[in-house]
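Structure below; questions to follow.
Just so it is clear, A, B, C, D, E and F label the chains in written order, and each chain counts residues from 1 on its own.
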Amino acid sequence: MSAPESATAEAATISRFPVPRLADLPADIRERIERVQEKSGFVPNVFLVLAHRPEEFRAFFAYHDALMDKKGNLTKAEREMIVVATSNLNQCQYCVIAHGAILRIRAKDPLIADQVAINYRKADITARQKAMLDFAVKVSQSAHLVGDADIETLKGHGFDEEDVWDIAAIASFFGLSNRMANVTSMRPNPEFYAMGRG
Amino acid sequence: MSAPESATAEAATISRFPVPRLADLPADIRERIERVQEKSGFVPNVFLVLAHRPEEFRAFFAYHDALMDKKGNLTKAEREMIVVATSNLNQCQYCVIAHGAILRIRAKDPLIADQVAINYRKADITARQKAMLDFAVKVSQSAHLVGDADIETLKGHGFDEEDVWDIAAIASFFGLSNRMANVTSMRPNPEFYAMGRG
Amino acid sequence: MSAPESATAEAATISRFPVPRLADLPADIRERIERVQEKSGFVPNVFLVLAHRPEEFRAFFAYHDALMDKKGNLTKAEREMIVVATSNLNQCQYCVIAHGAILRIRAKDPLIADQVAINYRKADITARQKAMLDFAVKVSQSAHLVGDADIETLKGHGFDEEDVWDIAAIASFFGLSNRMANVTSMRPNPEFYAMGRG
Amino acid sequence: MSAPESATAEAATISRFPVPRLADLPADIRERIERVQEKSGFVPNVFLVLAHRPEEFRAFFAYHDALMDKKGNLTKAEREMIVVATSNLNQCQYCVIAHGAILRIRAKDPLIADQVAINYRKADITARQKAMLDFAVKVSQSAHLVGDADIETLKGHGFDEEDVWDIAAIASFFGLSNRMANVTSMRPNPEFYAMGRG
Amino acid sequence: MSAPESATAEAATISRFPVPRLADLPADIRERIERVQEKSGFVPNVFLVLAHRPEEFRAFFAYHDALMDKKGNLTKAEREMIVVATSNLNQCQYCVIAHGAILRIRAKDPLIADQVAINYRKADITARQKAMLDFAVKVSQSAHLVGDADIETLKGHGFDEEDVWDIAAIASFFGLSNRMANVTSMRPNPEFYAMGRG
Amino acid sequence: MSAPESATAEAATISRFPVPRLADLPADIRERIERVQEKSGFVPNVFLVLAHRPEEFRAFFAYHDALMDKKGNLTKAEREMIVVATSNLNQCQYCVIAHGAILRIRAKDPLIADQVAINYRKADITARQKAMLDFAVKVSQSAHLVGDADIETLKGHGFDEEDVWDIAAIASFFGLSNRMANVTSMRPNPEFYAMGRG
């Protein structure tokens, strides 16, 4: 347990807001953080930064898991593509760097994350994936314009109604995440930058 | 229980996606919906539309309650002002109409919601509330530009650090809500339009 | 005549600029205002605010009447839809609230104005009316891009050349009105908010 | 009277809409057009294009004259600067070319119009005139943001309240004019291009 | 040689940065400037302003010549149309005024430059030229969106692959030029304004 | 020399336009490319893609070298920061990935490039460097608004007039580069992604 403690030791630099000590957190939140730490070898700062508000923390990660861990036609790598493409347009450092790492790992491709982040139209992805990202970016930037034609385009690429919801919900949820990361000045852990690049 | 049943009877028109029958929902979700119905006299469509995805439903409303029902310096009316001002810029029919009704009721003011929705700079609100909405709109529209100066401006109006988080989190959460409402074509219940208008 | 006098008594709050006393106005303007008062039961503030400049007042209302009272294929309700949809995008409190009231009355529909104001793409209107509003919004926001294809789209919905002019002229005229209302901080009369909602 | 007749002979090319024959116009409109022709040596196309709608024509020019011919602190050249600067941002060919000519003549300066049209911040105008155009452009592009601070800035440059109205009204009126010119595809007369350049 | 000397005498006003004396310039640059002066009768200020940095000057004009003097399917007038249309959107006074003059001369048309600058969609140019300018403006304003469909549209108008490169490169190069002219406050020579106006 | 040959073997995938064979290039260009290859161990694709047009290639790299290799107060890392921050806003995959690599190496910092690319306001850089990037982004996105106040801000951070030119010129030049990379669909070499991350 010493590692997260030392992580919080420098916590003043990972958020504009107070960062709680692991030991002071409710048990369920502390346990979730410890599980992540065991699996990843470090505690991603988003857990520590959002733990400042335990109830919001629980809702945030329940939402996250409902969208990112659920079954469905979208692969895990595709879900991360949505996060990475929309988060760069929202200029969210934490999300692009952390989820870029996850995307590289999920896709087993060291190049994909930077390509998708900067301009997915030029990325080495399928036409279906480009259509998915066209829609995700439209939801993220101008959801008020979404209409039947957008859904039809997705269906023409083999997506079904549930996939449409998934894409929209992931783009919407990370729009929330991007805004909170920018307002809190959430700092990405150094570990993320090189993960999955090997 | 017959009322929500009949509400779902016409459910095809309240969402682009399938709307579950109340009877088919998990007990916790059905009970939450019944409680709302008892209190309001009708089931706001957001409950039925989002119930299509029970896990996301639970996370969404847990997040909502954590932000909108928590204690803090922001009054309940002020929280609704944030929802209404940012949702109109996102062209979200459901959120402006439903939360406009709640704002009128919370503020006991039949005129406030339309003023805040259309141009809060001209609304009958305090300078402190205008500063709150300036910040909420910045978070909603360009969170990447938020910096120390914005926080200082808020503190100059008497807001503390926790209030800053609240404003940002409400603007961010309803950004998610606005996008899902636009993608699902969520329809506001007719009851909302005239509520609180005196 | 006492009512408009009392209306002007609190006139300092309805405009950033001086508001004339009814008694001081040229006869033609005073008479027009009195006719409106008789018909509506109150004097809409736009009359008092713009009366600060009698010549501009005359031209403004002559233009208004030429567009809104003329014969033609557009119904009166449709003309008000154009005002409401474009004025909300211009964040004009006076025009959305006052013409929202007129739209509810003309359409005999208590819900239509809020729907059209916030996102007409989700409103309970016909496909033809959506095409009309697509064009009106394009004229209001980016008239430099209007071309033959836009006219053809309208004709495909049964509009003729004179209707195209009408839609464009109403969107353009209220663009002027929106800007003057925002610069003068023109205040909507309380009467408008609930009109036609019953 | 033969000249305007010949002008209308090629009228099909000056507007997307029908252009009336001078002889068919109501007497007051025909007389106004003839007066302009006598003074200028040609009939500016805006008169012929808008004469398609006599009532709107009368209101348009009454408004125009109320703003552009009225007494006040703004010089005639300054009023034209407002037209030229805002019309180029609205990409209105007719207004920039026709009012550019008038600006050159009013200012007795062959260079001023192109400078003001393209980027008034680099034009050979006074700091006071730049402040005037900063405000005019704000009214034209984002009037919903106009607030007390803008008025104070103008007052700091010696403008009074009536000047503020004048600037705002000219920017607003030509916003209408720009939109109608773009929708009608109003063609500038060849005579304007070189006027006042000598 | 006295003319450029006198031109530099007033040089403080043509750039925000120091403007070198002709006599102090490296021989190759001085000679290029003298050649231009002989041909045009004056030294366009861009030469004096950019000569502040001799190496960048050489690269700039080598690039310019490679694009504007090369053989190819685009006429010289068409290349100038690209400069004029994109530079006005970038609000670059120097480029619109100087290249507007060159466009009038190349096209032997006194009206074309103002039309193309303000709104090329309304200019007296061919459908092929409008497609060329649609693409040039897209490259200038949102090159990240350029895709296969844009190239196909150009090919449908008879452009080949090398023409596509030419259009893109001219729009891109003058984007650089527009930015440097705006930052340096580069002043157009008075001679340009009336050139080619007949 | 076999490596660049093999690089060109797959050249069809690095550009939308024809990519020349090294052996077919003019000697000076081939030699420059070979020097780069010797130093880097591979041929960055920008050299092969732009070699399609030898004259433009020479001008492009002369300009590049004049800005990036010149002496001055800006460090080499700072120049690369300008490239990386402005290129991500222009969604240019090649420039962010290639110059991100160079920035990591110049700054001897494996984290700096991703931070600066995504949101430099949150990067681990000095206040002076943030002011530099504020200005660079303003030049890149809205150079028409640059004025004396921007220069004064930079001087307040210790930059002199020549530094201002350098920042502006680098932002402007890479604006050109970004547009050409997007239009050509220039592909970043795989080698860049992991360079300097170790």
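Methods note: a contact is a pair of C-beta atoms (placed from the backbone, for glycine too) under 8 Å apart; a residue touches a chain by one contact, two chains touch by 3 or more.
Note that the structure is a prediction, hence the values are computed from the model and not measured.
Using CA-based centroids throughout, the chain positioned farthest away from subunit E is B. Rounded to whole angstrom, the centroid-to-centroid distance between subunit A and subunit D, based on C-alpha atoms, equals 52 Å.
Between the CA-based centres of subunit B and subunit D the separation comes to 45 Å, rounded to the whole angstrom. Residue positions 91-92, 119, 144, 182 of subunit A are each in touch with at least two other chains. If touching chains are joined by edges, the resulting network of the protein chains shown has some other shape, matching none of path, cycle, star or complete graph.
Working note: touching chain pairs come out as A-B, A-C, A-E, A-F, B-C, B-D, B-F, C-D, C-E, D-E, D-F, E-F.
Across the interface of their complex, subunit C is touched by residues 119, 121 of subunit E.
If you check the complex, the residues on subunit E that touch subunit F are 16-18, 52-53, 55-56, 58-60, 62-63, 65-67, 70, 90-92, 139-140, 143-144, 146, 151, 161, 164-165, 168-169, 171-173, 175-176, 178-180, 182-184. Residues 144-145, 147 of subunit D are the ones touching subunit B in the complex.
For subunit E in complex with subunit D, the touching residues are 88, 91-93, 96-97, 100, 110-111, 114-115, 117-119, 122-123, 182, 185, 187, 190, 193-194, 197-198.
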